[in-house]
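In the two assemblies presented below, chain A is common to both, partnered first by chain B and then by chain C.
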Partner chain A sequence: MSSATLDSPAVPLAKSVFPDAPAWDHAAVPAWFGASQRAAWDAFARLPLPSRRDEAWRFADLKHLALEGYVVDASAAAAPRASLALLDHAAARFVFVNGHFQESASHLPGGVQVLRLAEALAIHGDRLQAVLQPPETGLGSAKFAALHHAQLADAVVIAIAAGQELEHPIEIVHLLEGPRAASFPRTIVLAEAKAKVAVLEHHLSQGPGGLSIGAAQLVAAEGSTIHYALLNRLGAGSKAMHFSTVAAGRDAQVRHSLFNLGSGWARTECRSLLEGPGSRSEMYSVSLAADGQEVDQRTLQDHLSPHSYSDLLYKNVLFDTSRTIFAGLIKVDEGAHGTDAYQKCRNLLLSDDCEANSMPGLEINADQVKCSHGSTTGRIAEDELFYFESRGIPRLEATRLIAVGFAQEVVAKIGHPAMEALIGQAVEERFAQQGA
Partner chain B sequence: MKLEIKDLHVSIGDREILKGLTLDLPKGQVHAIMGPNGSGKSTLSKVLAGHEDYTVTSGTVLMDGVDLLALPIDQRSRAGFFLAFQYPMEIPGVSNANFLRAALQARLPKGQPIDAVAFYKQLYAKMDLLKMDRSFTARSVNEGFSGGEKKRNEILQMAMLEPKYAVLDETDSGLDIDALKIVSDGVNAMRSPERGILLITHYQRLLDYIKPDVVHVMADGQIIKSGGAELALELEERGYDWLTKAA
Partner chain C sequence: MNSTLFPEAEIDEATLRAVDIDRSAGDFSYPENHIYDAGVGLSEATIDYISDVKNDPAWVREFRKRALKVFWDKPMPTNWATKDLENIDFSKIRYYLSSGSTPARSWDDVPEEMKQTFERLGIPEQERKFLAGVEAQFDSEAAYSNIQKAVSDQGVIFVNSTEGLKEHADIFRPWFGKVIPTGDNKFSALNSAVFSGGSFIYVPKGVKVKHPLQAYFRINSENFGQFERTLIIVDEGAEVMYMEGCTAPKFTTSTLHSAVVELVALKGAKIQYVTVQNWSNNVFNLVTKRGIAHEDAEVKWIDCNIGSRLTMKYPGVIMKGKRARGEVISIALANNGQHQDTGAKMIHAADDTTSNVVSKSISVGTGRSTYRGQVHIPKHLKGCKNNTECDALLINSHSRTDTYPAITVRGNQHATQHEASVSQVSAEQVFYMQQRGLSEGEAMSLSVNGFVNDLVREFPMEYSVELKRLIDLEMEGSVG
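Entry: the complex of A and B
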């Protein structure tokens, strides 16, 4: 099979590419799924590119949206070359290269319902229809969510039965191989009542470039717990977009953490829906931006039920001429009384030429609500550096320790020791690489 | 062997704060500086540590013959100078153990790793002495510590870094009597013929627990009187007025 090219979205991608893109036989899947992909493809072609006037793209450099020349590699890609830093113990492990499943590197024990898309469709069929739709977050990237869905050839579907608790996390690895490779990772987590699961997803490169447009959907039924972390260590020349939707039912708890340590450009959108009374959502992020990198993050904490709780902490560390953008909204709907919602973005500037943009927001339509939002941007205080230096620690090392500490404070919130250790190590390595 | 401060003049902006301060702290001795608010006590401690807000306009400070003022802040520490801060900084995200490790690592030749087993053994021994719970190793430096815990942590750092000369800036302020006793025991344990200690304090109370060899009275940027431990008692009784007026 030949490789297919993704044309510039400015000139809508040639529709002829589509039948080649999904690597499976549509005849074997439910009709609604094939229809959803075709509709997504139409939507991608139809929807306009974001413009400067678009509030959801304020401060963003739209040149990053030029997606010419990326390739959907329909042939089986090479096995992972890099020695991967993975968890010692994973309940299950999926490894994909350019979207192709790597059986030899994966580990899929029985007893846990972790499935690839075709199996999931075969077993769950129409029950997946509600989630297997374009992963639109309403935060600006409908066009690219449509592209993701249209190109979807595989996915990881994690269905945890009622009351089941997994001791170890489920680990998903997506590797990009080749400078023009495109990958469309999709993770769906369905936790039934009182189930408990942790998921660690890695996005890595075996080369400098590539494009990743991914999505995660975390659906937590009554009293269940989902901890999800995405570690982006893609190559500096790559582009990454990721769309997450969290839906928390009654008394459910979902923690969604993003660690942007790679990719030249990253756009993340995360929408948390507090659907059930007493539900909890925590959204955390650490981004380390250097050189001319841009990290653009948009969030929504949507309180739809009474007595729900949400907390958001996004931290950015900026080197060189890097840029970050944070736009977040807490929305408390009518009837969502007794909501507790917090949102904080903190930017640490480590150069004179970097730029951090923060747009925190609140929209409250209910009573008896406790909400706060805010953003801080600053350099390391001289008095902090003085304290370190007065103990004999050189200024450069002091800066590194303080910046790493700033980031590790968020790592410590992941709430799963093995994941904290692995991600903490990745953060250390990224700082060491920066020479700061 | 001594810390030798000679005719030190220091300004912050246009304002002169130290106006020709002279003081010798020989190794093996404990000195105390007492004095009213605004006499320049804290300025002295910060200048010795190298704080950039202060400008030395004239005078010298020699540490065992080495020009202390010519050294960058971190080198002063590695050369054997230590300041226990009046208001220790809180450093979120950096554990106490990592902070001390970095400070000790900076004292080793480049590329030589620290002996982690020996480090923790020493750290725990010093913490026991200061009655600090082991959980303090993993906690962020001073973050959420009580006033007394912060001061104990300063003495812990001093005990780990084993300086030749240490200045303790109002280490007794904010301590209740139990904490004061623990901190004083920690300082007394560090008294040695190889070390000079300078206590800066408002109150005679500290000197009940740490007996100084010499007490200096500071006013308006100078040492105006020096004497034995009994001078502190006299100050407690009579205040500073009789001295500042005489000067």
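Entry: the complex of A and C
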């Protein structure tokens, strides 16, 4: 594997006006890619910061958007560290520290086309042009998606050939090291007809702080299946933004799951495009928010074809003074008849100082549609706690058990046994840590 | 079943007739004979003209002028609302018209034209006389104001807002503009600047008004905006039901209706406010309605929107006292070219407050119905509950429906739930009824009726005249 040529040197990220563009080395990449990065940089500089009047940022605390002082640090030493692998068996494993590929910790067997950005550009070149653009969010973060693309130095490109089914998931690990470190993880999954793949992306950090602005693009061709899960276990005080785009072709199935167990502030935007007739998209999320944490999630289920199906279940568990925001929209375009679309947001409040905001939305322009959405916010019912207490289980323990059960319902939907076991474990650990 | 029930492009005539209501009920007008006319456009001079004609006290003139500045300063809310708002040309609207007659006191004094209005709406004579107090607003002034003797004997004040602010300033002023401040939104500011007409009601302590108080509003001038202002104060332990219905004749250019309605329910009081809105479909109906419920009080909005080109109306309740209760029951029917943007705001501001929102909408043809809601439960309260249900029925493939709720809950002592669904009249249902000899149109009509029936029952008996005419009978009756 050739060493990446796209590494950019240390560049401070100022709040809104960046003094310098990243020092790209565009000599070795296709001209269109260089141009897209320069255009993204211009867009980032040009686009205004979100304001309180933006519907896409309603209820959000905009102070989290002060991004000064972060550094894209090329010198992050590849010091030997304990294994970062979570899965016992992975079809392939990528490990990055502060956005830099760690060859020794990674595992890239032959037979599976999992590529880093430079290789992917060399092999697939112009075929990548359609996807390797600034992630389109349409959900409020165009400015930060542009920043992500402009700063992109590496990426994981997973191309699964027609009919190929991977038994084990592909694991991608992004470690943030240092309180001012910034990284821009990008994952592209291209599943060809009837291919099947599961991807686990794991974001974590060594120590507090750091900034991660990531994006995932899941493109499922006819009859293919993609299961994708992102586990956010970044440290306290860190900021995380993540933009996902799901495009499901005819009869394709995509499952996109988010587990926000870390970071001081998290904003996720997830767009599901039901492009082919009979396509299915499932979007799941569990967020555990504590301290002053804010988890801000925006989703879109866009039905563009007839007889497509989508389901969304986002669950939030709130401790302390945390806040969560959920804004979801089911959009059924004209002509997308026979759509089945569901959306549910459930908030479990475990303190008197937390705040849950939900904005479940529907826009229906078609006929013969079955659509519903729901949102519930509440605490654990007194009689449920009594049931446990009457069996000698203390109140605090009962609360923890119920909260864990509440979260595990989503974990069970990931769709891959090994990933379910591992993420279930992570969720349980996080609850134990919380002492709930 | 190979039915013509769900054609891709067109709805068939029978279906259209079946689900539509007879809009011609309000489709008539009278010769205009206005003595006072502020002309078109809005400026300080317009405000002075209105204040001069109405002989406003100085504080009202002042209030209007301040409101005008706020109106000019505020942007259109198009960052979230429909762009159709940009089609309102404020410079082409008449902000004040009046026939100049002082409010009439008895039925005989009511102008003949007004009586005809009731006639055309088909309200039977007995019903009219039975209705407790009838306040009919003709253009911007109340042309008729009759309070049943029994009601006024109980000490109930039921007058138009102009009379209210002059004769009952001691009660009126402390609450006026307090539930909905001038700067609440661009249209509440506009109303505060140019308001005329509307009702002022005060129900003294412990008085339970038996018969609903009622007002009819009509728009009867081209390009004429109606800016009525209603303030209802119900003292401790008292109860009242107020009903308003709107019918408007059709005109080719758009008119603007922008009302402000403030309700104050003091300790233990109950207010029900019922609206049936059937503006002709060139009217922009941009209304701000809000009530404050004190301890143990209850404010209930019952809202039915059938007419207008664009309605934006989100009745709200601020539950300020412990155990206060707020409720919004809403029915909307959006036909071709119409946009019913309705909803509810529930602001919980005390412990153990409960609110309930039930909304049903029907979109026909190219009609669009939108539910927009807000539920807010702030910190350090306990025992607050909200339930929200919104159901939408789509009749045709070009119909559109949206739901945009926003729910904020702080603290773990509360429970909220929101549910929304979108559905069609299923082909199976219609087939089932056709098998039993109903025509397709009748079957469709029956389904639509069934969909709203449980809410229609929430409307008071006394209002069944208007409501039945507008939804129930006319839907069924129009089927061959």
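In the analysis below, the second predicted complex is superposed on the first by the 403 of 436 C-alpha atoms of A that agree within 3 Å, B and C clash if a C-alpha of one lies under 4 Å from a C-alpha of the other, contacts with A are read in each partner's own complex, and residues count from 1 in each chain.
Everything that follows uses one rule, which is that a contact is a pair of C-beta atoms (placed from the backbone, for glycine too) under 8 Å apart; a residue touches a chain by one contact, two chains touch by 3 or more.
What you see is a predicted model, and the numbers here were worked out from it, not measured in a lab.
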Clash or fit (per the criteria above) of chain B with chain C on chain A: fit
Winner by number of chain A residues touched, once chain B and chain C are compared: C
Contacts of A:Q425 with chain B and chain C, given as first, second, both or neither: neither
Which superposed partner A:A407 touches (first chain B, second chain C, both, neither): first
Chain B versus chain C as contact partner of A:I393, first or second or both or neither: first
Which of chain B and chain C A:A366 touches, first, second, both or neither: second
Which superposed partner A:Q433 touches (first chain B, second chain C, both, neither): neither
Minimum distance between Cα atoms of chain B and chain C in the superposition (Å): 16
Contacting residues of chain A [partner chain C, same complex]: 53-55, 58-59, 318, 334, 337, 347, 349-379
Of all residues in chain A, those that touch chain B in their complex: 382-384, 386-395, 397, 401-402, 404-409
Footprint of chain A on chain B - complex, ascending: 49-52, 72-78, 83, 85, 88-89, 91-94, 98-99, 102-103, 106-107, 140, 157, 161
Of chain C, residues touching chain A in the complex: 6, 79-80, 379-380, 392, 394, 396-424
